[in-house]
Amino acid sequence: MFEKLWSMAKKAQEDRGFRQLVQACEGLLSERGQANMYALADEVVGRWIDLPTSRHEAFFAVLATQFAPDEQLVDQAITAYRDQPNPDTLAKLSLASEAPRQELLRRINRTGKGTATLLSMRVALLTCMRTRQGLNVVDADFLHLLSSWFNPGFLRFEPVSWHSSAALLEKIIQHEAVHAIDSWTHLRRRLDSDRRCYAFFHPQLEDEPLIFVEVALTNEIPPAIAPLIDIKGQPDPSTKPKVAVFYSISNCQPGLRGVSLGNFLIKRVAEHLSTELPSLKTYCTLSPVPGFGKWVDQVDASDLPAFQREQLTLIRQWHAEHAPLNQSDIALMPKTVETALNNCCAHWLVNGSHQHLSDPVARFHLDNGARLERVNVAGDMSKKGIKQSLSVMVNYLYDLDKVEARHEAFIQGIASHSSQVKKSLKA
Amino acid sequence: MFEKLWSMAKKAQEDRGFRQLVQACEGLLSERGQANMYALADEVVGRWIDLPTSRHEAFFAVLATQFAPDEQLVDQAITAYRDQPNPDTLAKLSLASEAPRQELLRRINRTGKGTATLLSMRVALLTCMRTRQGLNVVDADFLHLLSSWFNPGFLRFEPVSWHSSAALLEKIIQHEAVHAIDSWTHLRRRLDSDRRCYAFFHPQLEDEPLIFVEVALTNEIPPAIAPLIDIKGQPDPSTKPKVAVFYSISNCQPGLRGVSLGNFLIKRVAEHLSTELPSLKTYCTLSPVPGFGKWVDQVDASDLPAFQREQLTLIRQWHAEHAPLNQSDIALMPKTVETALNNCCAHWLVNGSHQHLSDPVARFHLDNGARLERVNVAGDMSKKGIKQSLSVMVNYLYDLDKVEARHEAFIQGIASHSSQVKKSLKA
Amino acid sequence: MFEKLWSMAKKAQEDRGFRQLVQACEGLLSERGQANMYALADEVVGRWIDLPTSRHEAFFAVLATQFAPDEQLVDQAITAYRDQPNPDTLAKLSLASEAPRQELLRRINRTGKGTATLLSMRVALLTCMRTRQGLNVVDADFLHLLSSWFNPGFLRFEPVSWHSSAALLEKIIQHEAVHAIDSWTHLRRRLDSDRRCYAFFHPQLEDEPLIFVEVALTNEIPPAIAPLIDIKGQPDPSTKPKVAVFYSISNCQPGLRGVSLGNFLIKRVAEHLSTELPSLKTYCTLSPVPGFGKWVDQVDASDLPAFQREQLTLIRQWHAEHAPLNQSDIALMPKTVETALNNCCAHWLVNGSHQHLSDPVARFHLDNGARLERVNVAGDMSKKGIKQSLSVMVNYLYDLDKVEARHEAFIQGIASHSSQVKKSLKA
Amino acid sequence: MFEKLWSMAKKAQEDRGFRQLVQACEGLLSERGQANMYALADEVVGRWIDLPTSRHEAFFAVLATQFAPDEQLVDQAITAYRDQPNPDTLAKLSLASEAPRQELLRRINRTGKGTATLLSMRVALLTCMRTRQGLNVVDADFLHLLSSWFNPGFLRFEPVSWHSSAALLEKIIQHEAVHAIDSWTHLRRRLDSDRRCYAFFHPQLEDEPLIFVEVALTNEIPPAIAPLIDIKGQPDPSTKPKVAVFYSISNCQPGLRGVSLGNFLIKRVAEHLSTELPSLKTYCTLSPVPGFGKWVDQVDASDLPAFQREQLTLIRQWHAEHAPLNQSDIALMPKTVETALNNCCAHWLVNGSHQHLSDPVARFHLDNGARLERVNVAGDMSKKGIKQSLSVMVNYLYDLDKVEARHEAFIQGIASHSSQVKKSLKA
């Protein structure tokens, strides 16, 4: 595998633009680069921007091979450590085994445009990794450094509102990944006085949200998404909200894949809102269950406990009779099927949330220390909702005093859930 | 040595506040800490603030021992790598040999106050290291992370002016390390229309300059400091400045020792000024030579070339006759002594700048790619100036197109200097 | 007339909310009000907001009568002045003849919400004046004070861009009065890199533009509006613009009717752009001729010079044959008709611009010191454009060095125009 | 008197710079000026700046005569009004009797630098008025317009703190008129966490405070100034303040003489602090009594009631024995003299506050609706304090609910005072 990368990297050197980029990287890492790091980092940035997409793979091959640790130095360090195992020889071993490309990336980051460049490199790298093996060590270095630099302690936490710039709001429309925002009028509803939106920003990336979350302020834990985003909805100024509902959370920077910020954002918002609005008592989500439809289709019923097996059969029969499902099928669903969906979904999320086929949204919130609060059949009547989850949505509840214990339970295989959910499981 | 650290750390555990800090650190690094990192990082910050100074050493001993790499894991990783030397086993070795305290520091940094806390820990650590051995590996980890986080690409570069807040200007007065600022009136002169001041700031440290540089805009390369900082001086609005003189550069954060920012700041300022004031043609310093007096006193004359030996004798005779030197001695100095000082200083800086006894200011600028431009006898008539350098100041010249080549020459043992300086050497 | 106002005002006093507003006004003007002006002005503001629209007329009647100058005091001041005509008795006469409602309005303005309140009062007053006589003296006082407070020297001049807040941009869409903005996508085109938008703001009215102007940066004086606002248009980064075209200017505050700001805004923008973009050589408009269609219809041909009479006949025949006109009629218009439209429009604007039936846009620009540069048949193919002006648009040219002289010429009855226009007149 | 002004104005016309200024003013007011008001207003500003001080008087003479109302027009307007007295003829009379210089000043204000220019003109005018009669009508017009433009509703109200710019703080030091600020260290004490400072700013005058007030947050109504401004004083973080003490209020713009802002500032601060610090229950001043010493010296004892006459005699004897008074005399003052000072001062302030010789500070606060709360002998031990007021300071109490009634009482001749003060009067 590595031989292939070496030969690819060598071949590409024939190309002038490519060679100049690699030379700029070498220069930036060299002794000579010390005195002129700004200018050299700028050069790397410029040459990367000019590099044709077809050369991306070769560039990452160079990072994987030429900018890998020097094996001879690693061997010497190992020998020295084995001879005299002490903190100093160990530190030297650590140093020798760190890939020089890490220092290269740090130096690229010294110029003002460095951060944006590294994010764009990472996006390209993730694309290349789909087809090319051996680049995972490069990606690990990117991820390691980006995690350190996109530290929540460095980020600006800011409300997004109708007073934010159109340039920023346009990105909110563009990156909303859960419930699409169809127009500026729809966006405005989501920024009204009974809604909130918050984002993290990096000091080097002006007007570029990293991740944002949308919140509805309500009086009850809501069972369905439509009323929350309906543009005909109106704030009710007469009551103080009791519940903050996180109904959408979206990442905006594909280059930050794997850098976990959602967890921090939700807790930061909860903390912020509890100060601003003391009337709030409950923090929960209204979340999709994107894998549920597939699970209903594909799960081997014989793997299930008897009770769930029956329920599943009921669902499958009903589904078969009405396929393809549409809104009116959901609206006219028999009570028995509704109960079956509720029970099966609860079972799948609680008992299956650690398994391979499980739901990523559930894993995210349970791992953050939330508990599964309620399953809502007919919560999402959109086409996508009916297809992906047979219309089911769920609420996860965040109780800040308990997230630590619940996270630990989850790590040990236990998905926290409410007594209401517990009943469904046994019913 | 390590045994001592272990026993010190163990003993300290008896103390409640200390134990709570260590437990908070353990909690933050633990699995359970994942879900509540904000709150736990805040707890570490609070407990560190409450820790009595007398326990600092023990805390760093804990970081050095308990939060060191797990030797067993390192051994396994070495074995695995030796069995199958490939990028993946190497990456795992790198991971195993990184001290867990690095991840601890990263997590502390996730809270808003984290950055300031880590700087205060580093200050304490540097103090402890004066008397306690074995903490250098801990310091290496601090330095590694701080260098990555106090990356010039992340820092705000900003002018400091009379329109800056008093809270900030007070810190400029306090941290000026080269030519003390005696009053707000003196400060005001340094911020007048023919002076400039620039600083780097970190987004998390509001109103806290990291490093600042003071610049005078003049018509010629200046030979002496007094006229530049005299409060009776007046801007001359009739002429456009030709020379930008860096006459003082000061670090404000002792916790950032070893994180090199001065180099970047000087070049950033030069770039900024060249855009703002196209009339500027020359960028230079007016710098002290703090070790020159001592060198004159202590150098073994027999190590010197014949010409310098003569000159040195002349200086020593004159010095002996007039000790202790005062301002009028400098003013009345015979031309022969002046020439001797000039020649000896030039010799010392050019030929001695790589040696152990050499001048740190010279090393800094020459390493940055500047060249020694001129030696000015009677450049600094202050008590400190007469004592430390027999009144000598020097100019280093920054030519942005040549810093890269000059830096590399310096690395190979050659200190760049002007033809005028060259003449002194041979004279 | 005044008796009617008095009786209306008296009758309304029976109503509680109304009486409270009048009492608050009396209190604010009274001696007692001196010490508590803030609170009392706030009360007036609150009571005005609560006043039902049906009572507006009565309130302005109170301002017209009860808060008019005291006739007895005026008489005494006249007598004193006639006895001893000197600056002091004259000053007292001036004081006595100023309506106390002016001081009332000044005091309302002392509270933070005062300015917005006065604007809303003025809007209501203008509405009432349509049906009720005798309020013009009240309006004169409003206009006098608003002119003084909405002084261009106090206003913030600011670019409006895609980085402005959505709350502001929404108002731009809403108030655009010349060429409607159909969507946020259309707005975005008007804020692209080859377009500009500027507005005046008042310090007390955050995010509330008073007036804004839209500018296109082009290479030639444009003959038609469609290409300028077409969302498929693209900035051409390869050329530097030579012409700044003011293609739309809109007032946003109906309460400021009669406060002339457009004049200042155009000149401020020209000044601003000439600094930002030295490549700009020409400042002109692309303006509608809203009254031209009507004039063609209604003018008594016998009042026209022989040449124009012939042209008019030609236009009327063509019009009669194609009524109602549509886009393809304009596109297929015979050359002779095009020439006739051009000549007649030039004639009307140049020779008729001081008359009663004339064009308000022409009067505005000619009075500002612009000259009529060119007449463009088929400049506006929109329905409105075809109906109002038979598709004609014109360019007015602003030459900042000549606006003073051209304004004065206009005052003396001469409408400045280019040699090209002059030819049309004689042709 | 007016003839003198005319001849002075005529004579000055010979001077070129002067003539150019007057011509620029004429141009700005003329019809031609309409189209180019910006440029012409800028010209007036420039020519005023260049006008030598020796010509100021002549310039104001021109304003007084040439820019006075046209007597013929006034006569015609009077005749028209007498013929048909109605709102329209009255409005025309009002217009005719307004001096054209008002419109001139309004137009000067249209340029960005206009406001600052008008303030500088007013300062010059006030100087000229000391020696030259007949300019009062000009000043009345200035005052009228400045009052309208420096309306509290237009001003920014802002805290001044150690985070304000040095450029602003320097002006606080410079303009403090009551208790001089000796150094930046002294200033810092006045901006510490138990002190506050607030100012009004005009949008056109960046970094130029118009008026500022200094406040101490304490637990009791303080009897003496020294502890409040002592740089050795320390905030006590353990208690919540109960009393806000306005201990200094200073105007910064001599050109705004007669524009009353202090009243508004005090009430704005009280309102602001009551929101920020709900623990505050009392708002009072600690004020000098600048005219008291003179009154004790000069008052005709036979005008006083018997009781006060005795007290006054006591004071005069003691004073005669110790003249000139110094700090230790105050410290050793017999109890009887202390009581006599207390009683006499209370008497003077309560019964004499409407008279000619009375205290301006008392008049200011009583007119604002405050009441005299307490007389403090030995409140100000500074040289100035001993000389001007025999060391006495007083507290005025602001009760926002009662300022309106107390102001009205004051207008009717009654100075509100506490029961404690009442006792002194009768004792």
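The chains carry the letters A, B, C and D, assigned in the order they are written, with residues numbered from 1 in each.
In this section, contacts are C-beta pairs under 8 Å (C-beta built on N, C-alpha and C of every residue); 3 or more make two chains touch, one makes a residue touch a chain.
Fair warning: this is a prediction, and the values are worked out from it, not measured in the lab.
Asks: Determine the set of chains touching subunit B that also touch subunit D.
Replies: Both-contact set = empty.
Asks: Farthest chain from subunit B, comparing Cα centres?
Replies: Here the answer is chain C, farthest from subunit B.
Asks: Distance between subunit A and subunit D based on Cα centroids, please, to the nearest Å.
Replies: 62
Asks: Give, as an integer number of Å, the spacing between the C-alpha centres of subunit B and subunit A.
Replies: The separation of the two C-alpha centroids amounts to 40 Å.
Asks: Taking each chain's centre as the mean of its CA atoms, how far is subunit A from subunit C in angstrom?
Replies: Their C-alpha centroids are separated by 52 Å.
Asks: Hunt down the residues of subunit D that sit against at least two other chains at once, touch-wise.
Replies: Nothing qualifies.
Asks: Tell me, which pairs of chains are in touch?
Replies: Inter-chain contacts occur between A-B, A-C, B-D, C-D.
Asks: Write out the stretch or stretches of subunit A touching subunit C in their complex.
Replies: Checking each residue of subunit A against subunit C gives 162-167, 169-170, 184, 188, 207.
Asks: So in the complex, the part of subunit C that touches subunit D is made up of which residues?
Replies: 2, 31-41, 64, 68-69, 71, 74, 78, 81-82, 85-88, 90-91, 93-94, 97-99, 106, 109-112, 114-115, 134, 136-137, 140, 145, 147-149, 151-154, 156, 203-204, 263-264, 267-268, 271, 367-369, 403-408, 411
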